[in-house]
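Below, subunit A partners subunit B and then partners subunit C, in two separate complexes.
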Partner chain A sequence: MAYSLIGKNFTPPDIRAKVTGQAKYSEDIRAEGMVFCRLLTSPIPHGRIVNIDTSAAEAMEGVLGILRASEVPNPPEPATPMLTDAPKFIGQPILAVAAVDETTAHNAIEQIRIEFEDLPFTVDPLQSLYPGGPDARPDGNMVAPGVELRRVKWTARDFAAVEAGQLPMGEATLEWSYGDVDEGFANAAVVLDETFVTQGLSHHSLEPRTAMAYWENGKCILHGSSQSQSFPHPGIAEYVGIPPEDLVFVAEYCGGGFGSKGNAYPFMAIPAHMSRKIGRPVMMRVSRHEEHFIGSARPGFQGRIRMGFAADGRFTAADLYLVQENGPTTGWSDYRAAADAISLVYSVPAMRFRGIPINTNTPPRGPQRGPGQNQIAMAVEPLLDKAAAELGVDQFQIRRINATTSDTRYGANQNTVTSAFLGEALDIGHEQFDWETRLARSGQRNGSKVRGVGIGQAFHSAGSSGFDGLVRITPDGILHIHTGVGNLGTYSHTGTALVAGEVLKYNWDNCVVERGDSRKHLPWNFGQFGSNTTYTHSRTNYVAAMDALVKLKEIAATDLGGVPDDYDIGEETVFATADPSRSMTYAQAAQRAVELGGRFSGQEYPEDLNDMTKRSVEALAGTGLIGVSKDNLGRSGTVAGLAAGFMEIELDLETGKWEIIDYLGVADCGTVMHPQGLSTQVRGGAVMGIGMAATERHIYDPQNGLPATSSLYQIKPPSYLDLPSEMQWAAVGEPDPENPMGMKGVGEPVQGCAAAALLCAISNALGGHYFNRTPIVPDMVVNAAAGRSQSHGPLQVNTA
Partner chain B sequence: MSKDMMPHFELYQPDSVETALDLLGRFGEDGWAMAGGHDTLDWFKDRAKYAANVVDLGGIESLRGIRAVGDGIEIGAMTTLTEIANSDAVQSRFSVLSSAAGRVASPQIRNVGTLGGNLNQDARCWYYRYGVDCYRAGGNTCYADTPEGQNREHCLWGADRCVAVSPSDVAPAMVVLDARMVIRSADGEREVAAEDYFIGPEIDIERMTAVEPGELLTAVRIPGDWANARFYFEKVADRNTWDFPLVNIASAMVVENGAISRIRMAAGAVQCTPRRLSVVEEVVTGSPPDEETAALAGQAAVRGATPLNFNHFKIPLLENLVKRAIRDA
Partner chain C sequence: MSDNNSVDLTAPTSPPEPRLDTGGAMETLGRSKASRRSFIKGVVASGAVVSSAGYVFGGLSGCTPEQAATPGGVERLLRLNINGEMRSVDVLPNETLAMTLRYKLGLTGTKLGCDRGECGACTVLVDGVPNYSCSTLTHTVRSKEVRTIEGLEGANGELHPVQQAMIDELSPQCGFCTPGQIMSAVALLETNPSPTRDEARHALSGNLCRCGAYDHYLNAVMRAAQSA
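Up next, the complex of A and B:
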């Protein structure tokens, strides 16, 4: 279908401010009388305060107040608290000190004397599972969202497998299966049984989660760093301890979140509590190091997978076991998502999954771009190549024959998908990347360098439904698209707004996106995470615009005669189809809506709207023609965002260093909403994937729990000089049938597919040496090329 | 653990070496000489090291620039790494140094970072930088040299309570060029050979150079002995910019009648000082710079290496880099 706005590039309304430095992030905000607070964070991995003396700090000139854990509404255990007297990771906030400036605040922190009782700690889940092993928490060692905290120990007998370098598999806390797994393995031509480790990773968003808050007329005005606008609002209000309507939440700009700022997080509320306590606006600037500790991390896996393949490369069965390193608090559910991803991506006919999340005294875990799916892509995709080699099938064919389709069923409940065109994505890549030519030259030597090729695939559930849309045509004829989508950096706040303009046939110059501040009266929208915004909010903007369209026609019929169906729209005018001279402009219709009142201008609204949307409509009532609706379009399955990445590298066997010769990422994201945005996602996701696969580190000393990687220079995200100057992208372009515009999201799998492609290419260049570990860093390649053993054991985690 | 919050200090900005030395003499242990500031201000932000009086050498014009001296050159200690990397005088005759300077850290850091700062930078052992009470920090233990210590970046030779390595990319080039380090104090000037300038824990565990309190490195003099030799510099790091070396290698080689007549070679990040590879020099002198010689050189280079738990990869990596220095120069 031909669109006038969708599929065209646009200039994001906030881009000029970003590139000129005029954009105001939380740290740039000032308020009359503002002061600063700093955090005292835990120097120990696990313990509790037995004695604390803050008197010297309080007596210091310029110190305005100290905020303790007992003064804030901490969420119930085992959730991550705002402040704590019982720290469970190094860097955990214990208290905050407010002062006239940050230096004074920190000088005061150094005057606070704390006596801790040290408790046992661990940075390795298997150590905690061993009989008598240390627990990361006094009240247990096993918890995840939806899984009740308890203590789990395996038997020493369970650990017998460790001797053989295999993952021990004791009691699991989640188990499911479908199909006849045993028969699947019995019928396999090749069965692999592989133990692997995927490293956890700090989010280290470039903008640390700085927040500033003050109180005015009973309301808290909070400037925070957030991927999302509307969705975290109720949760943040709860952390602040006030009803949502008393919170003004401003999140106009966000310097990256990658999942760590998708929902409400407790630390954002600290300056709000401090401000209430001392009666001054309070800025809490979070430093780079603090961000490492409180900014969340991706869980790591210690895993084992058995995979059966028929002679043609088709999956016959899979049996997956995952131990998830889940930090010291509730963490995230990556292990569940990983299992689903295997089932879905490869259309596995029979599968068993067992998993267990285990606490460690490392930074709290949260969702990071492709949580679960991208780790498992890195673990499994290279093993597909290993199986392909044993079967005598090429790397492309083993993927093509297993590629999921729109008819697939996956996971424990054999769920359906709205659409899946992974095979098509592979076909596009096969042709555009000239796979056969590149495959033919893999293994070619150039001095100490050798060519390698790899393909990676990844999935993420990329769309939701049931949220609200809100648009407004003001009497000046302007279309205001109110969006509660955040400013994660993808510009989908505006990309999805195109849909409203498209439905109402607007000239984009006459459209304004209202966002970034709850005072702009925003609708209840989903968080900007989970690759969902494009799908979810193309739908909400569609239903809101359709509501406005109906009202435009009704107003025209009321004033110009006939029935609404007699009317059409165009050129920002509503006109009688039979006689276009009988018409009124949108501006006139908006003025009439104000005069007519009622549902036309927001005095009345549908009852099924969320309370947040209702409040926004009430605030906007009488200012124009209001289009507002809950997305009741329905949805029958998981929205499958899928991607395939193709990479060619040159690997130097003498130095362990690789150079990416070429990369192509192909997205199955339905109708392309915003080509420039998609291109940036595919290539930017690849950059992050390359880092996840082969440069970024997350290291803790197991003897004392100290973090080796809290600075960016230690964490090592890839630099420009580690990347190709150009990367290619393509999109399948098959519309999703359950989105009115055919769109779906893809922001997460574009990372995983690139990460997997690089890992596959490295193993390919090494002639089929599989590390079963991420990241693959130069020392591992040097050791492999020299025929030496690796320094780390096969199950070691958080290690150099 | 980093605090990311610098304490206040008094800043002094002298315009002559004499004034700088006078200030440093006056402040004694409460004084700190600052060049580009990357190392200094990191320590201060971490609140792991501190001095109440900082003497910023950035305003001393005589410490900047590259000058011809005799048949060699003299480089002021406050000359930036970018200036050295881009210098015609260095590139045309001593390219091992411009190559090394051009691989330090990142372009932004090289634009501000100085030769003196790079040569005098402190150890990068992450435990030490974290602020633990290790031997180098005046304590009585080493956190890295333990059964489970995360010591991938640490040393293959020269462990003596401390297992940190020399992190500089420029230092091995200076050793190879037989540079003379010019050190000034209130008492006058002295010259120290680059090879002797860097000191290991067996000499002093709390500092890494021969510069004594009250002294300043003011310049580096590079004699003409190795001008236009066959040079090689390579740095292997996890990332291609903004990273410290896993291992680096510098060499200067003169080939006459198809055979190596003279050679100097040094490796960085394998011990606490740049490691002069004298055995390699001896093994290859008189032989053609071919694959066979390169292989012998590589084997010779790693003899006696004593790896820690996570760094034995440095043995094949050093071996390979030495091979490349012979074979690919």
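Up next, the complex of A and C:
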């Protein structure tokens, strides 16, 4: 279908401020009388405060207040608290000190004396599972979202496999299977049984999560670093301890989140509590070092997978076991998502999954771009190549034959998908990347360098439904698209708004996107995470615009005669189809909506709206023609966002360093909403994927529980010089049948496919050496090339 | 190699070519050495100690009594040339340029991503040379011209060609590293108006982008070079 706005590039309304320095992030906000607070954070990995003396700090000139854990509404254990007297990770906030300036606050913190009782700690889940092993929490060692906290120990017998360098597989706390797994393995031509480790990864968004808050007329005005706008609002209000309507939440710009700022997080509320306590606006600047600890991290896996393949490369069965390093608190559900991803991406006919999330005294874990799916892509995709080699099929063929389709069923409940065109993505890559030519030259030697090629694939559920849309035509004829989507940097707050303009046949110059501040009266929208915005909010803007369209026609029929169906729209005018001279402009219709009142201008609204949307409509009532609706379009399955990455590298066997010669990422994201935006996601995702595969480390010293990587130079996110000068992208472009415009999201799989492609290319350059571990850092390559053993054991985690 | 999937991993090879880069990179390296020296010198002269714990800075409108007693006798009231305007500002001896710009002059376009010279978000131009303003003492720029992101727009609001190219190429994602990327690009094009893509890559390599928008920043630099 031909669209006039969708599928075309646009200039996002917020980009000029980003290039002029006018964009205001949290740390750029100032308020009259603003003071600063700083955090006192835990120097130990696990313990509790026995005695604390803050008197010297309180007596210091310029100190305005000290905020303790007992003064804030901490969420119930085992969730991550705002402040605590029982720290479970180094860098955990214990208290906050406000002062007239940061130096004074810092000096005051130096004067606080704390006596800790040290408790046992661990930075390795397996260590905690050993009989008598240390627990990261006094009340247990096993928890995840939806999984009740308890203590789990395996037997010494369970650990026998460790001797063979394989993952021991004791009691799991989540288990499912479908199909006949035993028969699948019995019928396999090749069966692999592999143990692997994927690292934890700090998010390290470039903007640390600084927050600033003040109170005015009983309301809290909070400027926070958030990738989402409407969705975290109720949760943040709860952390502040007020009803949502008393919170003004501003998140107009956000300096990156990658999942770590998608939901409400407790630390954002600290300056709000401090401000209420001392009666001054309070800014809490978060340092890079602090961001490492409170800024979330991706869980790592210690895993084992058995995979069976028929002679043609088709999967016959899979059996996956995952131990998830889940930090000291509730953590995330990566292990579940990882299992689903294997089942879905390869259409595995029979599969068993067992998993267990285990606490460690490391930074709290949360979702990071492709949580679970991208780690497992890194583990499994290289092993596909290993199987392919044993079967004598090539890396492309083994993927093509297993590629998921729209008919697939996956996971424990054999769920369906709305659409999946992974095979088509592979075909596009095969051709555009000239795979056969590059494959033919893999293994070629140039001095100490060897060519290698790799293909990676990844999936993420890329859309949701049931949220609200809200648009408004004001009597000046302008279309205001109110969106509660955040500003993660994808520009989908505006990309999805195009849909409303498209439905109402607007000139985009006459459209305004209202966003970034709850005072702009925003609808209840989903968080900007999970690759979902494009799908979810093209739908909400569609239903809101359709509601506006109905009302435009009703107003025309009321004033100009006939019935609504007699009317059509065009050029921001509603006119009688039989006699276009009987018409009224949108501006006139909006004025009439105000006069007619009722549902036309928001005095009445559908009952099924979320309370947030209701409040916004009430606030906007009488200002124009209101289009508002909940997305009740229905959805029959998981929205499958899929991607395939193709990479060619040169690997230097003497330095262990790779150079990427070319990369192509291909997205299966339905109708392309915003080509330029999609290209930034495919390439940017690849950059992060390359870091995840081969540069970014998460190191903890097992003896003392100390971090060795808290700074950017230690963690090593990729820089310009780690990357090819240009990367290529493509899209399948097959519309998703369950989105009115055919769109779906893809921001996450485009990372995982690139990570996997690089790992596969490295192994390919090494003639089929599989590390079963990420990241592959240069010394590992050098060791492998020289035939030396590695410096880490097969199950070790948080290693250099 | 005849067998394309088999590599002799132990075969001796010629030593790899040094991967240290072109003249552009060496220049950058040279500059950062110089600025580190002057940074250390500045710290020694003021007698202050840079704390290892996060952001530390003195009062917004003056300094605490404790700091007033700091030895060294450095003059505090400075006249600084910022974006072509002379600005008077009260500067502590241990104050970084980033803090002066952001908290005393209201120029918040210069971002703090790490405050440790790791990320480049705070890049400004000092006499046309990119500097990490988080690691530059304000006292060291007294007789120099400082340019920030706010100084690029023309008087009637027209954007600098680099800024316009960044919009056209959809370069920023989250936008937090963008001012620093732009300042490095402006400095490059002023010394090398027609860089190769590889020269641009090296010139901007001190600016991290966590969103991974590197391709799009380079596209913008090349577009701006053509339009100038």
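The rule is short, and it goes like this: the second predicted complex is superposed on the first by the 800 of 800 C-alpha atoms of A that agree within 3 Å, B and C clash if a C-alpha of one lies under 4 Å from a C-alpha of the other, contacts with A are read in each partner's own complex, and residues count from 1 in each chain.
We take it that contacts are C-beta pairs under 8 Å (C-beta built on N, C-alpha and C of every residue); 3 or more make two chains touch, one makes a residue touch a chain.
Bear in mind that the values here come from a model prediction, so they are computed numbers and not experimental data.
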First, second, both or neither for A:G91, with subunit B first and subunit C second: first
Subunit B versus subunit C as contact partner of A:T103, first or second or both or neither: both
Which superposed partner A:R68 touches (first subunit B, second subunit C, both, neither): neither
Subunit B versus subunit C as contact partner of A:K153, first or second or both or neither: neither
Contacts of A:T655 with subunit B and subunit C, given as first, second, both or neither: both
Touched partner set for A:V777, first subunit B, second subunit C, both or neither: first
Touched partner set for A:A786, first subunit B, second subunit C, both or neither: both
First, second, both or neither for A:R38, with subunit B first and subunit C second: both
Of subunit C and subunit B, partner touching more subunit A residues: C
Touching partner for A:S287 - first (subunit B), second (subunit C), both, neither: both
Where subunit A meets both subunit C and subunit B, residue numbers: 38, 102-103, 106-107, 287-290, 448, 654-655, 657, 711, 713, 718-721, 785-786
Subunit A residues touching subunit B - in the complex, by the definition given at the top: 38, 41, 43, 90-91, 102-103, 106-107, 110, 287-290, 448, 654-657, 695, 697, 699-704, 706-708, 710-711, 713-714, 716, 718-722, 777-780, 782-783, 785-786, 788, 791-792, 799-800
Subunit A residues touching subunit C - in the complex, by the definition given at the top: 9, 11-12, 14-25, 27-28, 30, 38, 61-62, 100-104, 106-107, 204-208, 253-258, 285, 287-290, 389, 439-445, 447-450, 487-491, 652-655, 657, 676-677, 679-680, 683-688, 711-713, 717-721, 723, 725-727, 764-769, 784-787
Residue ranges of subunit B touching subunit A (in the complex, touch as defined): 1-8, 47, 106, 126-127, 130, 132, 143, 146-153, 234, 236, 238-243, 246, 309-314, 316-317, 320-321, 323-324
Residues of subunit C that touch subunit A when the two form their complex: 1, 3-7, 9-10, 13-17, 19, 21, 51, 53-60, 64-67, 102, 106-116, 118-119, 121, 148-150, 152-153, 159, 163, 166-167, 170-179, 182, 197-198, 201-202, 204-205, 207-216, 218
